[in-house]
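There are two complexes below, and they share chain A, which is joined by chain B in the first and by chain C in the second.
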Partner chain A sequence: MNRNLVWWMAVGLGGYLLLPWYVADDGFWSFTWLIGGAPVTADYASGLFKGLLHGRPWLLPVGVLLIAPGLVIGRPKADPVFGAALITIGALGLIYIVGQGFTIGISGWEFPGLEQLFGPTELRQEGMGYGALLASAAFLFMFTLGFAARGAIKGDVFVVGSIGLIVALVAAFVFFPVIRILISAVQDNDGSYAFHLFFPKLFDGKIWGVACVTSGLRCGVAWNSLFLAILTGASSTLLGLAFALIATRTDFRAKRLLRVLTLLPIITPPFVIGLAVILLFGRSGLVSQWLWEFFGVPPSRWIFGLPGIWFAQTLAFAPIAFLVLIGVVEGVSPAMEEASQTLRASSWRTFSTISLPLMRPGLANAFLLGFIESLADFGNPLVLGGNYDVLSTEIFFAIVGAQNDQGRAAVLAIVLLAFTLSAFVAQRLWLGRKSYVTVTGKADSGMPVKIPARVKAAVYGTALPWAGLTVVIYIIILFGGFVELLGRNNTFTFRHYIDTFGITQGEFGLVFSGLAWNSFRTTVSIAAISAPLTAIVGLLTAYILVRQRFVGRQAFEFGTMLSFAIPGTVIGVSYILAFNVPPIEITGTGVILVISFVFRNMPVGVRAGIASMSQLDNSLDEASLTLGANSFTTVRKVILPLLRPAILAALVFSFVRAMTAISAVIFLVSANYDMATSFIIGRVENGDFGQAIAYSSVLILVMILAIGLLQLLVGERQIRRRTDVVAPVPTASTGLAA
Partner chain B sequence: MRRRQFLAVSGAVAATAAFGGVRPAVAQDSELVLYCSPQIEWCQLMVEEFEKATGIKVAMTRKSSGETFAQIKAEARNPKGDVWWGGTGDPHLQAAEEDLTEEYMSSAFDGLHDWAKRQAATANNRTVGIYAGALGIGYNSELLAQAGLPAPECWADLAKPIYKGEVQIANPNSSGTSYTTLATLVQVFGEDEAFEFLKKMHANVNQYTKSGSAPIKAAARGETTIAIVFQHDMVTQKVAGFPIEIVSPCEGTGFEIGSMSIIKDGPNPEAARRFYDFALDKDIQEMAAGAKAYQVPSNAGASPPPQAPKLEQIKLIDYDFKEFGSSETRRRLLKRWDDEVNSLPR
Partner chain C sequence: MTSNAKAAAVRFDGVTKAFGAVVAVSDVSFTVEAGKLVTLLGPSGCGKTTTLRMIAGLEMATSGRVLIGEEDVTALPATDRDVSMVFQSYALFPHMNVIDNVSYGLVVSGIAKSTARAQAEEGLAQVGLAGYGKRLPSELSGGQQQRVAVARALVLEPQVLLFDEPLSNLDAKLRRRVREDIRELQQNLEMTSVYVTHDQEEALAVSDRVIVMRNAEIAQEGTPHDLYERPTDVFVADFVGDANLVKCEITRIDGEDATVRLGSIECTLPHRGLSAGEADLAIRPESIRLGTDASTAGIAGNVRKAVYLGSHVEYTVDTEVGDLFVTDPRADRAIVAGSSVMVTLAERGVVLVRP
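For the complex of A and B:
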């Protein structure tokens, strides 16, 4: 008897026989069905009883398919019939559940063709609940068990199962909604198909115009976005590298401070950085006024437009590059650098021919992230854009603005997607098939080498002024929460904090009377739930991508990156379109927020995981496997401990993103699940900067605490390597080689 | 190390448990789902007062009118909201045109101002006016004095070369406020002359913002000198302490009608109608100023807040909401603006 098969049959049948098949009116998280008469009464009936008693006979075949594997349960795994039977049953079951879900919806037939064929129907069904979820999972894993039994990926049940799970999740929560919205690219505003409109929309002069090259006119938004993204990608990667080198390869004293400083911008809610930049460099900003008074430089609006967005984005995304690069820079083996120096290469030569090339996966990933982030960024262009239009804001206003043109939004989204896709391909070509393995099982006790003097000078020269600027900006932000009206009335006050986070003594004890408590609670809990899920899904995907070879791996990798490439606004609207109606009906719940965060932020886990994992030698896995561990144990005992920086990066990033994301969230929040950022936007729109800044400061504090906690939880990676830094071995040829 | 990790884990678990409690569901008939488009204080005031008056629990979401319209449209097959309260009138009219909202005639209807009734008539009673606000020119008096410029008094002044680079207005493609301005100018000057004016003013505009009220915030912060927005938005900045002065253009000006609609096939139609009647009540409308809302209320019996621009002192044009709210006119004017104005160099 195959234990895995018995387990999944039990799960599937358990769900089918005992748990409510549909989501009850009171919601996914409501457990009243436990005492409400499940699995028999109409409200909470399981699949079987819905089929038998409550007029949903089309659910009965599901039970038959769930029992069917019993026929082959006695056969050995190696028997080809066993695998073939499981593949067939699993596939049939999945197709059947999905098919019936999409055929009969909340208002009868879902396809007009069916109504013509069978006439109008009284059949109805609601969104899928626990029962449907477990039955679908059971079919999925029967399917993958079948493939494993037939010898896919060396018959590794865990790996095949993981691939199946991730493919299914990505299909349901990335491809399905995205396809939903992309269809509207070929529809007119009334929802009927109009293919002839697609190409005029796609090749519109507003998107692709190049007038700015030859005259004073503006260029198309596509070029604007692309240019900005390249600038931001490059500048944030360089800064990130500078910070990473200071943190790992110098004896700089205030390293910890520097780390906090580089973290600050990522944990800052949107709009706040833009706001602070205006307060400093705007026409009436502090710096501009000061320059006017002392140097006679007339104040101008130079910050509004490309310079301002670029500046704010670099400030915001360099830390992400830093998080990606720090793991990679730490991972570069000192042994190779030592070897290079022993062979009398100068420290510059060592750096440029050994260290830097070994960081290539990290650099490419950091650039890719900065590039994509810049393309999708919404807050900074909105505040600082001036007349420099970019795709992300154009998409937002195509949907919510006066033109209300979903088709145009979809077309712009396609352009954005094309850019991201190209970046992805270019990165693959550049990295090629070289090996970047530097962490092997062999004892490796070298010491990281200091960077050469001129690199050090350059690194300090870029990173430290930048760090200073960050400090100034955060002083402004902190200050803004404690004064009446920043810049105009600088009287000290606690008013903004009392308005947002006040607690008063009421009749029945303490009352959380501040305006912000409700959204604050939701935000913290949603972030705490989605962060670990994101890390698990992301790193599992990275493991599969780096360590396993299978057909369609490239497509799989692209699929997992897709959600990151699509701007939040598009994701938000597509989630409403896709998940507001059965079979998956989750709008207005906390679940939709968690899911959108997990699948939007998963790519960061994947990238960080891939970058770290491509440095780990395969021999480590092989040793573990040879010693009899299965792949699950190998992941748990060998890979995971070595991946701690990547785990931390994924956890921190997804937690922080869940607290600071805005563009997708704005469509998905509901009355019971309001999020901090949508509250802050309302304050900023209203000109209530004090409250917006006060709330942001509290969020920043919470995130700092959370990151500290995560760091404690995850711990540091223990590579047998000394951490202290030594000066490069002086060699006779230093002067000559330089 | 072990112990620290354990502490950290239990801390995290405790925090999640404390914040992530399961919310109990509320029974259907005693609930109302409200989509609210004005500023949050006003929304919260309405929620509190309605809960106090009826005992019906209100679940409220605040989003701008464009966002709310996009959401209602996306949810059309399975509506989740009951009432859409507030926000500029055009998207409400559009929602009525697209059959997203429901016809309703309130008992309070007869006591409303004519403009509010006309708004309802345009949409076959699928929406109704709840407040009105006139367009105007706002300027930062400190910056104006610094530059030694005269205060503008008319629309025509804004085309004068002395204001080069000092004027800010939203892009009518993305902002309803700015589209109302465009339509107003067309009605004041006639279409061809209006576009001549806009072309001249183009040289003075330093930025076409995305959001309608952004220009006055920029003026408040001293990032631009002159802003074209709704006057009640100017009042909000002025009351907040910024040096903003308000001008009603001498040629006459247009206005918006903030509206309210019942969403078609919403979950709680009975509660929706109660809220609708409630929101048109005189006493309720008079409370708006307490929430920093300075629009003119639609109930003829309600007295406007003292800080509000006095509509009777403003030269209002007879704004044709039907003509300029129609998709066809809108598309034509926006295209012309794009082709003739926005494509010019500065």
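For the complex of A and C:
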């Protein structure tokens, strides 16, 4: 008997017979059904009893399909009938569950044709609950078990199962919502199809106009976004590289401080940087005042527009580039640099012809991240944009603004998608098919080589002033929370902190009376749940992409990266459209927030994983496999420990993004699940800058603690003991010159 | 019969492996007897590694069957096969110390940690690295890393042990010693082993049998002696050891024998299935005798080059059948370049080969 099959049959049948099929009204996380009469009573009935007793007879075939694999359970795995039967049953089960979910809606038949065919129906659908979830999972894994038995991916059950799982999740939480919103591109606001509106919307002069080249008028938002994204991608990659080099290849003394500094912007809600930039460089900003006083430069609104957004985005995204690049810079094998130096290359030549090209995959990834982040960024353009409109804010205003034109939002989203996909393709072409394996199983014992003097000067020259600026901005953010109103009334006060995070002694013990506690608790727990999930899904995907060859791999990669290419505003709207009706009904819950974070941030885990993993020699995995470890053990014992930098990057990034994200969140929060960022935006709109800044400082503090904790938990990858930096060996040419 | 109960035979039965349009291994059949070391030898890209990886289960055959012992493992993944492999790059896990590397296979197969450690220590002792357990792979020399890789594969006492060019990262002296160590260990433990190399000397030195591959197919299989003495075709004759390949003419077939005319001399050789007419002859350099006496029968030639190498002399001789490369162990009686010589052939080391 096949143990895997027995297990999935048990899971599926258990879910079908015992657990509530639908989500009860009291929510997904409520467990009242345990004592509420499950699995029989109407509210909490399992699939079987819903079918038998509560007017949902179409659920009965599910049970039949779940028992069906029993027919082949005795057959050996190698028997072709075994595989074929599981594939068939799994596919039928999935199709049936999805099919019934979409044909029968809250108010009967979903498609008018069906009503004509079968007549009106009294049948009603609700959102899927535990029972439906387990049954679907069982069908999915029966399906993948069948494929593994037929020899797919060398018969590897774990890998085939993982691919199946990721495909299913991405289909449900990326493709389905995207298709949903793309359909709205050809619909008018009432939901009827209006194809003739599509092209006029697509070629609108507001999107593609080039008036800014020839006259003083504004250019189209598409050009604006593109130009900004290229600037930001380049500047953040360069800065990230500079910081990574300082951290690993120099004897700069305050490295730790530098690391903290580069992390700060990433753990700051984006619009907070925007606010600080305004407080510094705005018309009544500190720097502007100072320039006026001492140099007679009249204060102006120059910061609002391209310079301001670019500036704030670079501050915000350089740290992401740094996190990606530090793993890559560390991974460049010292042996290769030493080899180059012994080939009489000067240290500059070594750096430019060996080290830098070896970092190429990392640089490309960092640029791609910065580019897409910039396109998708919503907070900074909102605060600093001025007259410089970009796609993401346009989409937002198309939906929430007076226009309320979903079709236009969808068209803008398509344009945005085209940009990010082009970036993706360009990166592929640029990297080519060279092998960048530098951590091989053949251990090398060299030490990281110092960077040459020229590079060092350049690196210090860019990184240090930037670091200084960051310090100033954070002083502003910290200081702003302790004064009445920064710039206007600089009297010291604790008022803002008491208003937000006050704890008072009440009648029945301590009362968390501060306004922020509710959203704060939600934010921390949602972030803590979604970070590990994101890391797992992201790194698993990276493993599959780098290490496995299978038909449709390209499509798989595209699918998993897609969510990153969609700006949060669009994700937010599409989730609302897709998930406020059955079969997946999760709007207004915490689940939708977690899911949106996991699938929005997963690509970062994938990218970080891919960059690190393509530096790991494949024979390490193969050695583990031939030593009898299965691929799950191999991932756990060999790959993950060598991927610590990538794990850390994925965990930190997803935790922080969950705490600081605003664009998708603003659509998905509800009274029960308010998030910190939307609360802060609310404060800003009210003019309570003090409270907003105070709350932000607390968030930043929490994130610093969390990152420290994560770093401690994940640990460093130990592959060589000597980590100290050696000075470059004098090469023949420099030796002679000296 | 072997005393190692676990060692199992490996059998390939019409196995083909294609990567898209590239056929890396084409309809290959062979058997590796239990307890024997068989080498896959051939030029770069001929499919050796792919064959080896199919035994390991790291590649799956496109068609045909792979058997280990009595079991058909064609569809079995690497994890489920009782096969260990020593990689060209060693593939030591850089984040684990030596003892953890060696005990890895034991631990993941569910053996208690302390037992696994003890066995790993034993394995390390076998390869002469007792006491190195605490070090990281990066703290070992290349040769030591190589031996750790061997120990890691050995301790599992696999049915089959695979080596993919295990010596290519070592220097020549070390290579000789390590290959002797590997051979000795393999013979003592009577492990079924399959060994990939493109170094023909290494192949002859370590193997019970050698499989010579060319363009995804088997060119010839046999003992080292067979291959050297009786190569079937020009390719094998040339690839295994040095050979002078010259055109000759078979004048008469008589039972097993063929009368062969080469220039002005005639000799009798096994015909090996060839029929009368033009044929290819492979002559080992050490099977050519050079005489200075112009009156003996032979092919007249002229020494163009003579290189003294201490243990022997290498000559290049111009003759009517072409340039001949000759080695002669009698270094003290070297013939100087420019001399006229008469070329005769020795009894062994001269064979008719297929084109």
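We adopt the following convention: the second predicted complex is superposed on the first by the 732 of 738 C-alpha atoms of A that agree within 3 Å, B and C clash if a C-alpha of one lies under 4 Å from a C-alpha of the other, contacts with A are read in each partner's own complex, and residues count from 1 in each chain.
Basically, a contact is a pair of C-beta atoms (placed from the backbone, for glycine too) under 8 Å apart; a residue touches a chain by one contact, two chains touch by 3 or more.
Bear in mind that the values here come from a model prediction, so they are computed numbers and not experimental data.
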Chain A as common anchor, with chain B and chain C clashing or fitting: fit
Which of chain B and chain C A:Thr633 touches, first, second, both or neither: second
First (chain B), second (chain C), both or neither touched by A:Ser624: second
Angle, in degrees and to the nearest 10, that opens at chain A between the C-alpha centres of chain B and chain C: 170
First (chain B), second (chain C), both or neither touched by A:Pro641: second
In the superposition, chain B vs chain C on chain A residues touched: B
Touched partner set for A:Lys154, first chain B, second chain C, both or neither: second
First, second, both or neither for A:Ala78, with chain B first and chain C second: second
Overlay on shared chain A, then closest C-alpha pair between chain B and chain C (Å): 15
Residues on chain A engaged by chain B in the complex (per definition of touch): 25-27, 29-32, 106-107, 206, 215-217, 278-279, 282-284, 301, 304, 382, 385-387, 393, 396-397, 399-404, 484-485, 487-489, 515, 521, 524-525, 528-529, 573, 576-577, 580-581, 585, 587-588, 666-667, 669-672, 674, 678-679, 682-683, 685-688, 709, 712-713, 715
Chain A residues touching chain C - in the complex, by the definition given at the top: 78, 151, 154-156, 439-445, 617, 619-620, 622-631, 633, 637-638, 641-642, 717-721
Sites on chain C touched by chain A in the complex: 56-58, 60, 75-79, 81-85, 87-95, 104-105, 108-109, 136-140, 142, 145, 152-153, 156, 162, 169
Contact footprint of chain A on chain B as seen in their complex: 1, 4-5, 8-9, 11-12, 15-16, 19-20, 22-25, 28, 33-34, 39-40, 44, 58-64, 66-67, 69-71, 74-75, 77-78, 80, 90-91, 94, 143, 165, 172-176, 178-179, 206-208, 210-211, 213, 217, 220-224, 236-237, 240-242, 292, 330, 334, 338, 343, 345-346
